[in-house]
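The two complexes that follow have subunit A in common; it is paired with subunit B in the first and with subunit C in the second.
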Partner chain A sequence: MNRSKRRTGRRHPLATAALLALGLVFTGGAYAAFSTTTAQAEPSPTSQETIEEGGKLFQANCATCHGLEAQGTNDGPSLIGVGAAAVDFQVGTGRMPMQMQGPQAEQKPVQFTDEQVKQLAYYVASLGPGPDIPADSLVNGGGDAANGAELFRINCAMCHNVAGAGGALTEGKFAPPLTDVSGVHIYEAMVTGPQNMPVFNDLNISPEDKRDIITYLQYVQDNRSPGGFELGSLGPVAEGLFIWIFGLGAIVAITVWITAKSN
Partner chain B sequence: MAQDDHSGTELAAADSSHAETVPAVKTGTALIQSDAFENPGFPPHRPRVTDEDPKKEKRAQRTVYTLFYLSILGSIWAIAAYMLFPMEGNDVGDVRLNNLFIGLGAALALLGIGFGAVHWAKAVMTDVEIADERHKVGGNQVAREGAVKVFQDADRESGFSRRAVIRNSLIGALLVFPLPAVVLFRGLAPQDENPVELLSHTMWKAGTRLTLDPSGVPIKASDVTIGSAFHVIPEGLSELHHGKLEEKAKAAVLLMRLNPDELNELPDRASWSYDGIVAYSKICTHVGCPVALYEQHTHHLLCPCHQSQFDVANHCEVIFGPAARPLPQLPIMVDDEGYLVAQSDFTEPVGPSFWERH
Partner chain C sequence: MSTATTREPQRRTFTAAASNYIDERTSVSTFVKELGRKAFPDHWSFLLGEVALFSFLVILITGTFLTFFFQASMAEVEYDGSYVPLKGVEMSVAMASTLDISFDLRGGLFVRQMHHWAALMFVAAIGLHMLRIFFTGAFRKPRELNWVIGFVMFILAMGEGFTGYSLPDDLLSGNGLRIIDGMIKGIPLIGTWTSFLLFGGEFPGTAIVGRLYTLHILLLPVILLALIALHLMFVVVHKHTQYAAPGRTQQNAVGPPILPIYAAKAGGFFFLVFGVLALIASLFTINPIWNYGPYDPSPVSAGTQPDWYIGFADGALRLIPPGWEFVLFDRTWSFNILVPLVGLGLFIATVLIYPFVEAWVTGDKREHHIVDRPRNNPTRTAIGAAGVTFYAVLWAAAASDIIATHFKLTMEGVIHSLQALLFLGPIVAYFVAKRVCIALQKKDREIVLHGYESGRIVKLPGGEFIEVHQPLDEYDRWKLVSYESYEPLMIRPNARGKITVGQRLRAGMSRWFFEDRIAPVTKGELEAAHHDHH
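This part shows the complex of A and B:
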């Protein structure tokens, strides 16, 4: 009934919305197509052009603290020999360039495009040998989750929590949650030991074992806890808070109801 | 409703005369101090809506029996859920569904009865204020003498005081009775071994290689780059079949490499490290949690249980928290093939204080 009435109008009321949606789809599609074409032109690690571009980015964005030759200053460590993996992790997760001094450099929106991150990484890698960005086969989660879980419990869970939910360290520092961290960044963090995290080199945890750890973390993320509501997987703190507030709250409420005089 | 055990009379009526029960004694010239607290009596009776409105009473009744019926439904649902969501497969998800639905049914069953009963009592049952007076705790003279007599009679008839042999043998039997339990529980403790001795020594010996947890792969000094943290077990622990966890609980070690310039070693321990590589017990000296939250820049080790902090750069001294002692250090060196080995066992017992160690 309504519809037939509206058809007499000049324009369907949903026309504006449809037009908007169409426009968005086209823009988004075009953008996606455009960005994939740029992604295909991945900077080659060895090309002189990549390193030069990275050098320019470095001078403009990093040299203030790390020195013009990445030799380090009082404000920032030397980057000679940290390798492409360290730069790809620090810049690729938005930790660098650092916003301000604090207990630790925190994650924030990434300041560079993927291409620029790679250019920076290969520029720093050209200064001295260091860990490289890992191959896709090591970070796509095709390993043994059970082995990864055991290694994670031994090497990582004390700081990052057994479910990868993160945890507190000393003096305002913290181990960040590992949910929603890409496999390549987890791998790079293990191999370079960013900030206060210890280094787990390939002789401590082999590349295959690192792949298994990433597999485990992805498994935990995809298969939520069979116990139901996780409360952030934070363990006794969150669970205690929940039961103290809601469990005791319910008991108090029921006690009040039992002893109150009926209307 | 509520009745006194002794009198068996309802006290509601008697209560109204409460104010007049002050004994009529002539006070003469004495100054009578009035009691600071006066019994305010009952608040005025306020009828409930269910007393005044028959419709609302009907409704309350309906609520009560609906709750009881819900309880029945809950019980039946719990039985049905047990059959509908069996825990047969290997899938832990089954456990969740099974527990969740049985739990919901059982909760509904119990809460239905509970809420129904309370609502019945509050909204539908008779509503009169009554005072249930306390009776005196001590009985009267007759009752006391009666009780004494009961005991005396029992003693005389049983001969408990007179037949001393029987009585004493009974006391003896009762005293011996708990002994089997003492012996059985003693069997749970370490046998033929001095527990102090057990707690004082670990698997580490001179020449034991430091190996990776859990694989048991030996570690070369050159493997340990600066900033690294290795979780270490003694060689041979991963192959143990008996008492593996007990040994691991004592022998677990955290191996770290610091810049040698940043390492401040005690003079008598200068030979315990190798080129900035130090090995410390992972067992907290407070209550034995594994301390492994290592911060490679500050060189702090944090215990997650009670926030004790140890400074690895300063021979693991306690810089915060309840731990009483530094973490014990494992003296290490490098063998001919470049592998890290222990110089000896820990030179002190690892872990928390116990009765022979403070």
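This part shows the complex of A and C:
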């Protein structure tokens, strides 16, 4: 009876499997949702625990140069009032703790977990008011790329190059390439002016304009050149070297081949 | 069917019939007979001029395509094409049409890139061709005038390149034009007037793109084409030069005839050059104007450089120390611009007149159809090496910022090193090249007189070990001994019994050129050397 019923199509032979799969998806999905909600319990900016943890990290890793109270020493500036954004940028991109004194702090692998970076940031933010870590809505694109591109050319390209390939500054300093910098870090760099970069405050470039600039940079990051390999986006120098070495090199090889004596 | 069989022999001779038809009306056969039997000596370096010619053909073909779609107007429009980060941006029609060629025209970006890559190749091939002519002494009588024509074409090619680079009216080319404008304005007295004449008012104005377009697609290419024709006619008239080898004299030219072998090779070579350029254009971005955006006088991007062939001029500007501009008599004197202008002018003029200088120094009025190996004229090669070094330092200076970032150096360090190298580099290059040439000549002499080291060790009956030297065969020896070596000129009083300043100068120059010389092996020396061995 059962068999004949199944055969008539009341229940598809794979129904059991489908049901099982559905059940697994629900359970797994619920578990995943649950576990992400626990993970999303980010360090709260105001919680005393976060600030205390950040303080401990600061004493262990930063106080040597910046002072036990972050008041600054001969080796490092005061951090009172630099805000969470500055710490999130400097520590979050691996520039701090600094590897060595030099023309400017070089990027290196990030030394802390995201949670620790946030704890440090909120600890420093608790010392005095300063720029905060920007909201997600400002840093994940979605702005006007054309406006951003124009602002980028006017305000940023003289150091960072129009394609964000980076450029040279004086005395060994340089503007780094922006080809793989996250939106949050770009925003934070604009509001805090790390290293030799000037500060672009909200009166200078409004938060919406900053969002547009980030949108443009993300467009360039996501859409590679329509013309083919970019040769580092370095402009005519790379193109000139390429035509001399590979272009003319290939042609000279061909001339040698054409005029070679046949055996 | 029978008609078909009777037609068979006629069909076979169609080419003959057609040729006859044309010949009876144009008498072209004398021309073909004359030209087709011209011999073209085979050496890879003799094809470099052809590379330039073929690149120019590619430029003409791709450029014609681009003129169909490019609009040389500086009227303002709002861009409404496919490239999102420029949508709604105000720009000139020239820029907008270049973007449309790049993004909204089928194959447009490929042709644009091919045009630009071919232009870089064109000037590079001319440069390499000129170096070949210089270092082998192929500019000597009767070819001095062809050197001058070639030189003028090199300058025109740079002009073609620069006008083309400026046409899209993007940020990069606008900055380049601004530098040219600044250089013109730095010239005393006429500078400002000239700049206003060129730009039709204050920079940038609304006329410059249209004017450059006329120069770029009409005036310069027409002059270039005419000079190319003249250049090639001279090659036919003079015959091609050749390297010394048995059977080659100043009176003949040995090599495959133009028809059919050489013509076939050259035709195939055109397609190879075309193919290489097409491959590069399809794989590598060049001049991404969409990154640069429309020209706006306020922003200047990091890494702003001209195309490579203008780089030496940009480098000269970059190497000038600060503070060379001052106000005197109520006028600004821009020596930061005048010194590079005059310096580069002298450098280029030296390149132009070098053949005449060398002819005057040697006092040689004979024709030269056998080219020198660079080592056999050490002073000329050393002068060339010094010139190349001077140019290369200026060229590197144009990339000083990129050298600084990529090799983790300081800008100041790079600039100061290049400033020193600009003067020390050519001197070092001169002496190194001269010594290397003389050493190579000595080696050649040794080989001619005593043969190659064969690596075969023989023990003599007395117990002595010697290495057997393999003598050269006559064909190889000919190449090593047949070159000219001048002796320094003696100062002699002229008809009036006086020694003029000019003669002293000439004798001094001659001594400088030919004091250190390795004379070619003479027949007597060779026989004496052989006598020793046997």
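Operating definition for what follows: the second predicted complex is superposed on the first by the 224 of 263 C-alpha atoms of A that agree within 3 Å, B and C clash if a C-alpha of one lies under 4 Å from a C-alpha of the other, contacts with A are read in each partner's own complex, and residues count from 1 in each chain.
Here is the rule we use: a contact is a pair of C-beta atoms (placed from the backbone, for glycine too) under 8 Å apart; a residue touches a chain by one contact, two chains touch by 3 or more.
As the structure is a computational prediction, the values presented were derived from the model and not from experiment.
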Subunit C versus subunit B on the shared subunit A, clash or fit after superposition: clash
Contacts of A:Leu169 with subunit B and subunit C, given as first, second, both or neither: both
Which of subunit B and subunit C A:Gly240 touches, first, second, both or neither: second
Partner chain in contact with A:Asn201 - subunit B first, subunit C second, else both or neither: first
First, second, both or neither for A:Asp114, with subunit B first and subunit C second: neither
First, second, both or neither for A:Ile154, with subunit B first and subunit C second: both
Which superposed partner A:Gly193 touches (first subunit B, second subunit C, both, neither): first
When both partners are placed on the shared chain, which of subunit B and subunit C touches more of subunit A: C
Partner chain in contact with A:Pro226 - subunit B first, subunit C second, else both or neither: both
Clashing subunit B stretch [against subunit C; choices 27-35, 63-71 or 117-125]: 117-125
Subunit A positions touched by subunit B in one structure and by subunit C in the second: 150, 154, 158-159, 167, 169-171, 175, 226-228, 258, 261
Complex interface listing, subunit B residues touching subunit A: 46, 48-50, 92-93, 95-96, 100, 118, 122-123, 127, 212-214, 219-220, 223-231, 256, 290, 292-298, 300, 302, 304, 309, 320
In the complex, subunit C residues that touch subunit A: 42-48, 51, 84-89, 102-103, 109, 113, 117, 120-121, 124-125, 128, 171-172, 265, 268-269, 272-273, 276-277, 280, 282-288, 290-293, 296, 298-309, 311, 398-402, 404-405, 408-413
Contact footprint of subunit B on subunit A as seen in their complex: 150-151, 154-155, 158-159, 167, 169-171, 173, 175, 193, 195-201, 203-204, 226-228, 257-258, 261-263
Subunit A to subunit C touching residues, read off their complex: 103, 145-146, 148-150, 153-154, 157-163, 165-172, 174-175, 216, 219-220, 225-231, 233-237, 239-244, 246-248, 250-252, 254-256, 258-259, 261
